[in-house]
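Labels A, B, C, D, E, F, G and H are assigned to the chains in the order they are written; within every chain, residues are numbered from 1.
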Amino acid sequence: MLEQILKQVADGTLSPDQAQKELETFENLGFAKVDHHRKKRQGFPEVIFGEGKDPTQIINISRAMINKQENVLVTRIEQTKAETVMKSLPDFQYDVASRTLFMKNNDENVQTSGYIAIVCAGTSDLPVAEEAAKTAEAFGVEVRRFYDVGVAGIHRLFAHIEEIQNATVSVVIAGMEGALPSVVGGLVSHPVISVPTSVGYGANFQGLSALLTMLNSCASGISVVNIDNGFGGAYNAVMIQRIANTH
Amino acid sequence: MLEQILKQVADGTLSPDQAQKELETFENLGFAKVDHHRKKRQGFPEVIFGEGKDPTQIINISRAMINKQENVLVTRIEQTKAETVMKSLPDFQYDVASRTLFMKNNDENVQTSGYIAIVCAGTSDLPVAEEAAKTAEAFGVEVRRFYDVGVAGIHRLFAHIEEIQNATVSVVIAGMEGALPSVVGGLVSHPVISVPTSVGYGANFQGLSALLTMLNSCASGISVVNIDNGFGGAYNAVMIQRIANTH
Amino acid sequence: MLEQILKQVADGTLSPDQAQKELETFENLGFAKVDHHRKKRQGFPEVIFGEGKDPTQIINISRAMINKQENVLVTRIEQTKAETVMKSLPDFQYDVASRTLFMKNNDENVQTSGYIAIVCAGTSDLPVAEEAAKTAEAFGVEVRRFYDVGVAGIHRLFAHIEEIQNATVSVVIAGMEGALPSVVGGLVSHPVISVPTSVGYGANFQGLSALLTMLNSCASGISVVNIDNGFGGAYNAVMIQRIANTH
Amino acid sequence: MLEQILKQVADGTLSPDQAQKELETFENLGFAKVDHHRKKRQGFPEVIFGEGKDPTQIINISRAMINKQENVLVTRIEQTKAETVMKSLPDFQYDVASRTLFMKNNDENVQTSGYIAIVCAGTSDLPVAEEAAKTAEAFGVEVRRFYDVGVAGIHRLFAHIEEIQNATVSVVIAGMEGALPSVVGGLVSHPVISVPTSVGYGANFQGLSALLTMLNSCASGISVVNIDNGFGGAYNAVMIQRIANTH
Amino acid sequence: MLEQILKQVADGTLSPDQAQKELETFENLGFAKVDHHRKKRQGFPEVIFGEGKDPTQIINISRAMINKQENVLVTRIEQTKAETVMKSLPDFQYDVASRTLFMKNNDENVQTSGYIAIVCAGTSDLPVAEEAAKTAEAFGVEVRRFYDVGVAGIHRLFAHIEEIQNATVSVVIAGMEGALPSVVGGLVSHPVISVPTSVGYGANFQGLSALLTMLNSCASGISVVNIDNGFGGAYNAVMIQRIANTH
Amino acid sequence: MLEQILKQVADGTLSPDQAQKELETFENLGFAKVDHHRKKRQGFPEVIFGEGKDPTQIINISRAMINKQENVLVTRIEQTKAETVMKSLPDFQYDVASRTLFMKNNDENVQTSGYIAIVCAGTSDLPVAEEAAKTAEAFGVEVRRFYDVGVAGIHRLFAHIEEIQNATVSVVIAGMEGALPSVVGGLVSHPVISVPTSVGYGANFQGLSALLTMLNSCASGISVVNIDNGFGGAYNAVMIQRIANTH
Amino acid sequence: MLEQILKQVADGTLSPDQAQKELETFENLGFAKVDHHRKKRQGFPEVIFGEGKDPTQIINISRAMINKQENVLVTRIEQTKAETVMKSLPDFQYDVASRTLFMKNNDENVQTSGYIAIVCAGTSDLPVAEEAAKTAEAFGVEVRRFYDVGVAGIHRLFAHIEEIQNATVSVVIAGMEGALPSVVGGLVSHPVISVPTSVGYGANFQGLSALLTMLNSCASGISVVNIDNGFGGAYNAVMIQRIANTH
Amino acid sequence: MLEQILKQVADGTLSPDQAQKELETFENLGFAKVDHHRKKRQGFPEVIFGEGKDPTQIINISRAMINKQENVLVTRIEQTKAETVMKSLPDFQYDVASRTLFMKNNDENVQTSGYIAIVCAGTSDLPVAEEAAKTAEAFGVEVRRFYDVGVAGIHRLFAHIEEIQNATVSVVIAGMEGALPSVVGGLVSHPVISVPTSVGYGANFQGLSALLTMLNSCASGISVVNIDNGFGGAYNAVMIQRIANTH
């Protein structure tokens, strides 16, 4: 493109002034490349972190996205706040368990085959697990849920192990001692994204215990995201699922 | 006994002076009771924590015990230091893996039936596991070792699960993420004493990760001792094993 | 049992189809063994951790247990929530001090002789001590309470030391500096389960101080459970008490 | 397969005794499935964590693998120890920068197209980066190295950004403040595995600073492994690269 | 006393039965000595830690003390709770700044000469400083207050330095960076009891910063009590003041 | 001056008594010098930390300043409290975003040329950034705001880099992983004051993550103030800006 | 004194020049007062912290003190370094157990009656206890040692309790869980200075456990100095002992 | 410049090919601007962090700088390593106290008037203070040293306060409790860069105590760099000094 502009200047079809304007845009070429790559993310909805934003802010950001016909996902939003948002934007759908709002504005999807396993031990970890599940589904990826399969009752995990093994990638959510990803990681041959939760008390230290457990896992193929970051766990998994579908 | 002394004083068979001497001993009655209870511990060898003691100190303490015909166990003692000790006390036997010295001076034993399961994940945790095993054996308790049965290769644990389940009590040693006690605790119906080890690196923080995991275990019936405290884990288990045999 | 099935197939008394069904059950043999062992726990009520569960969830889980004629214990449940539950299930009894709900549906008991000593320093630690006491009683074990016997007024402890020494096992609860288990551990010859509490302020760091004290105890025979985990302390003690009665 | 065995017993072509032996193997069916899935990992060399193992242990484990014609990778092994091993196993090749030993015994490879970007800021982080690179190469995956592209001289990163963007997955290694993964994560559209290193001093706290930075990254698509765990970072990346090639 | 009893038994003026009763009391001789020493504390009011106690508990404990004509001090009690207590016990006086209740029931005083300097930097530390001051005054010790003399405006400290130097002992209260005790300790030749407060934000970590500063003080003669423990600081100072008066 | 006084005494123009009074003032010479230097700070308004102060306290301190015709800035004051203050002092102006009250009572200004760049990544960090901005403006310094230029969208930073580079000093505010100061520090040649914020969750630990990142920055010329201390960041920057104008 | 100088100038017995010199010294009047108070410390030897200083530095500082006929105490000095110092200054006496050097150059003593109790649990804490004891003795205060009286064998403490109770002040040294000061504090009526030691392992965290225990002690009258700071504990005790003797 | 190139293409004095090459360089315009600004840093020597680099690496980097006639400063380099470097590059001068190597290759200086005050409490902090001093001097800035002026002997600080106040900026170094910057900050009206050191023991936690003290300072105008980062402290100060000279 640079070559082209210069030739046009040389043969007089482009004035130096006009060329200068075009090249000033061109100057940020590095970032243009970035954007080109960002386009590869087509089908990824924009995601709004709802915590600490007031309804008006959420409505304004959402409207800008809706205008561009993007799918919109809001995470970490309490029911009452969500209801205020939905008065202005009634096409949003609220999911209580995951505390998410979602609106579908296009049908671009990340994938057409394969699924993500969302594995989780206890009912207390459910909000984080559902945040992960709803995030992946908002990105158009199939999710299979394996809840209540914790380490202290490990036979329940085995009842489903084959279906978990056949997933492209697992997102394993655990609070308390956070041992589940180590066990799952030893039984599957795909990547395991582990999400520590702040569920627990005392020496749990708001999720620190589960976080350290996962970072120190002796099973290979396990990586970790921040405490309670169900969205982040799912986002990583969706990126990996997309690789499966685009390669 | 108090009643008796007073009657002897009343009937003149004991002078007030002699009675006073006996009663001054008696004064520490509470502690006398303690000692009476301590006698219940018969068969328990005295245990010397070798770390930070020089060979001369260890020899002196050992000799005092040998004179009372007690079994003597020294823990946390490096080979070179042990060899210096053994020059003076050649009846000691040194065990490299557990870094312990032991000398048997009587045949009083804690128990005659039942066994303690020592369960451990990796070869790096072996010194702590063997410290536990040798301690229990020094107390006259049968030990069965289940090594290399970690969480990341959980099927190896299952190959031995029935024998572990039949133990009176388990001592489960684990470093890294420390998840093994949670899994064992979910499979057995006896108490599990868990021992975190300092094996690991980075976010392991010298055993803190394993310690927190065990304290936060969602399996019931698990209690914890200090990091690398193989002796303490075994001591608790021996106390429980003794209950099985004396009740 | 496997041998038997195969012989029946060989002699035609069992069709391959029927045998396959039986063996598919048999496949989970390891877990069957687990369940067999779990049966040994007869008399153990199911326990529901009430924190973070709403009344409807608690009612549903409870009903399932009642149907199986199991005793039901709910821990960590505030009075108002308990009262909501009791409107549907009036046979529950609420205990304010321990914040527990209990319903007796059978008479299976863990033990018939011996008792657990629950030892505790201050009035602030009472909720945790009572959670331990009520848990052990729900499992059918006799409990003797020794409250207000803290380290700073150690003579009160000595007034009761003999009765504590005669217990099968002690559960020692302490907040602030958490020194009580060390003192008790030096005076008794049975296992001591120590429970740190979050009672304190400043450099107590929500129970961390008491937890570290107990993990570092220089008295032998002490193991530790999570901060404020009165239930866990009692559960360990009950398991040990059962050993006394079944061996 | 179960069906088949039973039919053979029924029609007499298999004796109950022989069937029993086969079925006892079969009993661990769940794990058999696991192994089936593990076979999918073909081309993955076995990896020996060299730290804390003596040369004899490493030689013995290596020989067992060589007998099965597996590729063997030893990580975290110092030069002098490696040289001792190589006296017995001269086919090993030692790499100083990554402190790894490698021996190629078969040509099974994980992949044939795509590459992993190993991105790293400073020369001090090189040992961890090279551990990651050599690990990935041992698994047969192409690696492209982008070293010395740290945050404080961010223009060097931009000079290579397009080649990084075209990778299947990035492994980003950083010590000190650990900010590099956030920057890379904002510029690429593939998963970023971040590896904190213990490089730094003072308030770095042996890598804690970099670890927390990465866990808190505001860029999406970033997951984290343990401090200095170059092997773990590469293993995750190889798993993802394999998905690209097998789907 | 033991001698006396035995002689009475010997000469028949005391029956063995009566002697036994007396000696069973005597048995706790060690503790009797303790109580003897405790009597030295005459003039010390009993102190009730009000936090976590309900008004009824406080009223009951107070009444028991009033019956023994002891002075009663209640610390850490909020105004509304105090007012409830005062409805039953109107002789209590509440002090808002220090959150203490006090009732004088006798005139025994710890001292007659000398004073304690209470030194404090900022208005935010005032509640802790006043808890210290009111505690010391309740014990009958003169207190002189030096408030608003912090490190960042150190000339205000110098305006009062001579009067501080003439105190028997100083209690220095400081939040934020907690540097004041180091400065005071370098200027006086008497003991300095330092009290860190939880005043601050961010990297103050609820008083940890001030606590560490005081523990690491390079000035000699400084000791530390728990965060926000104004009572403890004053109690130590009163003990030292009493030494000045009783020796 | 000392010389002068003594000569006046010697020649009888000053009585010893009068000289004594003058010299007693003179005694605090060191502090007099301090005050002389403090006068150099002319134009600096007094600043009241509003947190933990009640409206009456704030009004009283403010009035004392107004009497001296000083500009008054109150930081960390919530809207309702501010409104109470403004009922008594209606000349105050409240700024919601920065939670500051300001009243201009003189026109002395710190500077006449140059500006401070306030750089900030996300909308959640805005309150701290605005506290910094309003503080600097209250001191009469020009501020230019560069918000929403975070590390994960680094091209937005580049769009403004030249204007940031031309500032005298930058105050860079960041929460989450806190990587922004490292990036800015690598691109500018003036001092960077970095302010970590407590924005984040989980392993952010209330701003600890961002704080450690900034302390470990591998870019030179970066210093750090306390978490959320927007005022402190601005105060440092104003001091530097003043150097630019007075030298 | 100021008055005097001025009168001398007025009556011509002192020239303004000479007066100026005297007054320039006088200028630091505040500090003069300090020094006056410092003189009260007569008999206090100067103390050199030996750690991190080389023999030459120690020799030079010592010589300066010897010239002023002060007693000299060097703490934290290893034997080989001490021997090098003693080649130049053979009047020093080295004490192995406490790692101190001492030289007596005058007979001024802090006290003539009363003693300090040094109480300590285990042999591992002996170096810190002896550093405390030798420090107090270097200041001319009588010390009584009560070693090996730890919490786990509390009856040994009771054997000596009366002698401990009769001390003016106790210095209680403890590592591991650090519970001893709480027990002693509950039995005596004088101030207890507690010194945590770094003796322990695992969750001891280099003395943090003992430190927190002591800060959280529920016994009143306990204050704390830094980990392993035997010197600091003794220094505080000597200051208190001096109050007993000078009031 | 862009305009110029395009005009040359338009008038045929530059071929499109040549223009393309020039513009491809030009493409990184943003960074060009950066470099333009970097030129403002003239007189700044390049600085090599010596720790973890071997002599050969240091020699090679140094030679590259010498070729460009830059001044070269190497920090954190031990004497033996320095001597190896000086065999190849004998023009280097080694300074033992600061552990730095310096070679002057040009006379460009940052400044011609004003000075930096380096303030430091104890002899143990000297290596960090001297690293700061030598760094500033290597940048051509005058330094005045104020050592041994710690908080516990604050009158020594006052003896020099005027000279400190007249500095452009202070770098205050302190270990142990780190209180010195707060005191200095309250006495001067220029920016204070504070450097915590790792000098101390026990609850100092390798400099954490001093770091937190400085971050929490209640004096305004104080910012902080990493523990032991004397270089960083000086670098910030030099940047500020340069502002004084260039504005």
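Throughout what follows, a contact is a pair of C-beta atoms (placed from the backbone, for glycine too) under 8 Å apart; a residue touches a chain by one contact, two chains touch by 3 or more.
Values in this document were obtained by computation on a predicted structure and should not be read as measured data.
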Interchain contact steps from chain B to chain E (minimum; 1 if touching): 1
Greatest separation from chain F - chain, by CA centre: B
Contact-richer chain pair [D-F vs G-H]: D-F
Whole-Å gap between the CA centroids of chain E and chain F: 40
CA centroid of chain C to CA centroid of chain F, Å: 56
Distance from chain G to chain A - Cα centre to Cα centre, in angstrom: 61
Per-residue overlap in chain A, given as positions that touch at least 2 other chains: 28, 30, 34, 158, 187, 202-204, 208, 211, 215-216, 220, 226-227
All touching chain pairs, where touch follows the definition stated at the start: A-B, A-C, A-D, A-F, A-H, B-C, B-D, B-E, B-G, C-D, C-E, C-G, D-F, D-H, E-F, E-G, E-H, F-G, F-H, G-H
Touching residues (chain side chain E, partner chain G) in the complex: 30, 33-34, 37-38, 40-41, 47, 114, 158, 161-162, 165, 168-169, 187-191, 193, 211, 215-216, 220-227, 232, 235-236, 239-240, 243-245, 247
Residue ranges of chain G touching chain B (in the complex, touch as defined): 123-124, 155, 158, 199, 201-204
Chain B-touching residues of chain E, taken from the complex the two chains share: 2-3, 6-7, 9-10, 12, 15-16, 19-20, 23-24, 26-30
Of chain E, residues touching chain H in the complex: 121-122, 150-154, 176-179, 182-183, 185-187, 200, 202-205, 208-210, 212-220
In the complex, chain F residues that touch chain E: 28, 31, 34, 51-53, 57, 196, 198, 206-208, 211, 226-229
